[in-house]
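Once you've had a glance at the structure underneath, I'll fire off some questions.
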């Protein structure tokens, strides 16, 4: 059977602040710039989750996109939407919420949870001009 | 001379939280839902500023869009980008940072500052699916 | 209080076919072209509903956008999403499902149902390149 | 019958250079900046033409969008697409090709040519961040 | 010579309904949900065709994008645009028109038809939030 | 450490004309069509630069996206924005400014200049419907 990649895009709005507690304030400012403002800011994040697998000859699906959406909604979006990534999300605890780190943690949330296909890519858009991709490597 | 409307679109990322200090926590939660989370969240805001005026026969401009951009950058974006709208922005002090209120305050920042044309509209996109427009009425 | 226009954008996917039962097949083909194919086709429609009103000084809202979304979801989207506009939607019965007619019918569904502000505009995107707007006029 | 506004969006790619022959080079540079480079640059323009009219009860159309598209294609796009706006377009001759002036000239090309509805608006996007609108006023 | 991937994006609007004739109605409803409504619905599909090859030193092209567009237009778009994928398209006959299956069939239509480069990817967007990619594997 | 791909998107507006000086006018017209008009045209180009590397455990960055942006701005955008690609850009001298050739030259400008990660991909959008990608192969 043909192997196809299917992608579901979701969105969430979250607050965050970049800083490393091992740095002093001046160093945080130097490395993270305005992103380290103590009062925080936020983004409308776009999240694309891609799953690869063979097309099921009965359904014509690699994976039911509705179930993929529900899984990502439950495992990721409900935790991060309208939340502060520095303080509200258990699986971001102790992690500096850069786009890179957030994408890796989202991968770890989803990997092994799919009931069809294999997780292939997590793409996270912090803005339309800045985005990252993690493939589990 | 023909009267034309010119629009400049800009972007900023900010944190906010919706709440009314005259409400108790339960009432804030009822009215504002997840938007009232005390730790805050944020958005990539889109801002469209529209100016109407006659086309200058010498330049072919209603207003130099670069100068309009610089004005909005200086009067608005520098204050709100990577800031927390509840605590960091002097001209939002005491104002609940809903999209409606923010658009009105941005209008007030810009009105009377243009050196050509008249301010006609401020459109503010909180997400691609939620936006507001204020025309000074 | 300032008067602001707030817009909520929603989406739905529907099938349709353009034809006038008073026309014969040749005339339908002449007027509606490929849009009159008897087997039908479809679109991802974008729907923008705009409400104008004064900003409530307590909430900072013209209307709670979540309630506006829920209203449009219940009154419109649930009827048309994944439906065939020619046969499945009671309030489109006997109406040729052009974008113009659909926008007018959506207006009529929503007008008078709002619990704040007044309905100002219904914009319907059939594609990114074709859209219509009805303002109740 | 309800009055509806229908819009068709089209695109073209063109080269241009802003300058006023009555200015010297220094003044052109001061007013138009990099846009006055003698070798020119260019844009992917977006053009939205809006027509308002009553919905025809037989067709459900204000105007056949395909005919509107063909009209704009023939009267505007064929002249400006892959052309240089300063030298190749007869109806831009002697006109400084700012977005404002181009929108006004496009209006004049189309006004009176429609066989249904009345021309209501020409919106021209020079980039996604800069656009103008002319309404014949 | 450098190897470059060139992509052309096209669009079409089609109707479809998901169902497996070997399933009974209850099972079709369980697996395909609202997508199995017998009256059908539809989408504005986005189609991205990617071709990889060496840059021709004479033309600077991997493949003339206009010829690629014409090929996809002729081999795919003319068959599916404003058509019903379940009944109108010979090369979808007997195929459940999921995005996965449609992408695979489009690949098969195009593979071996190019006069330069090799077909590398077919990406099909059913909506902006759901898309699939097939690479011939 | 996880390996992540980070992408920065930038834009520029430039003029160009496709032609091969070794071809006569008829052959240029045949191969390049309207793109060979001697007076030139132009585009709003979109440029996506992707860098892959391990996430730095101290910063949570693969590369500071602001420094990546500044590098691309300085090495590429300042040379091509509001310029004519045929005559104004030293590193395009003698190169036919197709999207393919421009992407390869941009790669060569950036490769080896990064102070973290490795350059993985240059994607260049000539329009929303035509884009190319070069990966240094």
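The letters A, B, C, D, E and F name the chains in turn, as written, and every chain counts its residues from 1.
Basically, contacts are C-beta pairs under 8 Å (C-beta built on N, C-alpha and C of every residue); 3 or more make two chains touch, one makes a residue touch a chain.
Please read all numbers here as calculations on a predicted model, not as lab measurements.
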Size of the rotation, in steps of 5 degrees, that lays the CA trace of chain B over chain D: 120
Of all other chains, the one whose Cα centre sits farthest from chain E: B
Chain pair among A-B, B-D or E-F whose interface repeats that of C-E, sharing over half of the contact pairs by residue number: A-B
Rounded Å distance, chain D centre to chain F centre (Cα mean): 28
Cα-centroid distance, chain A relative to chain D, in whole angstrom: 41
Junction residues of chain B - those touching two or more other chains: 33, 128
Which pairs of chains touch, using the document's own definition: A-B, A-E, A-F, B-C, B-D, C-D, C-E, D-F, E-F
Interface residues, chain C side, partner chain E - complex: 11, 13-16, 33-35, 37, 39-44, 81-84, 86-88, 127-128
Interfacial residue positions of chain D with respect to chain C in the complex: 2-10, 55, 58-62, 64-66
Footprint of chain E on chain F - complex, ascending: 18, 20, 22, 31-33, 95-101, 103-104, 128-135, 137
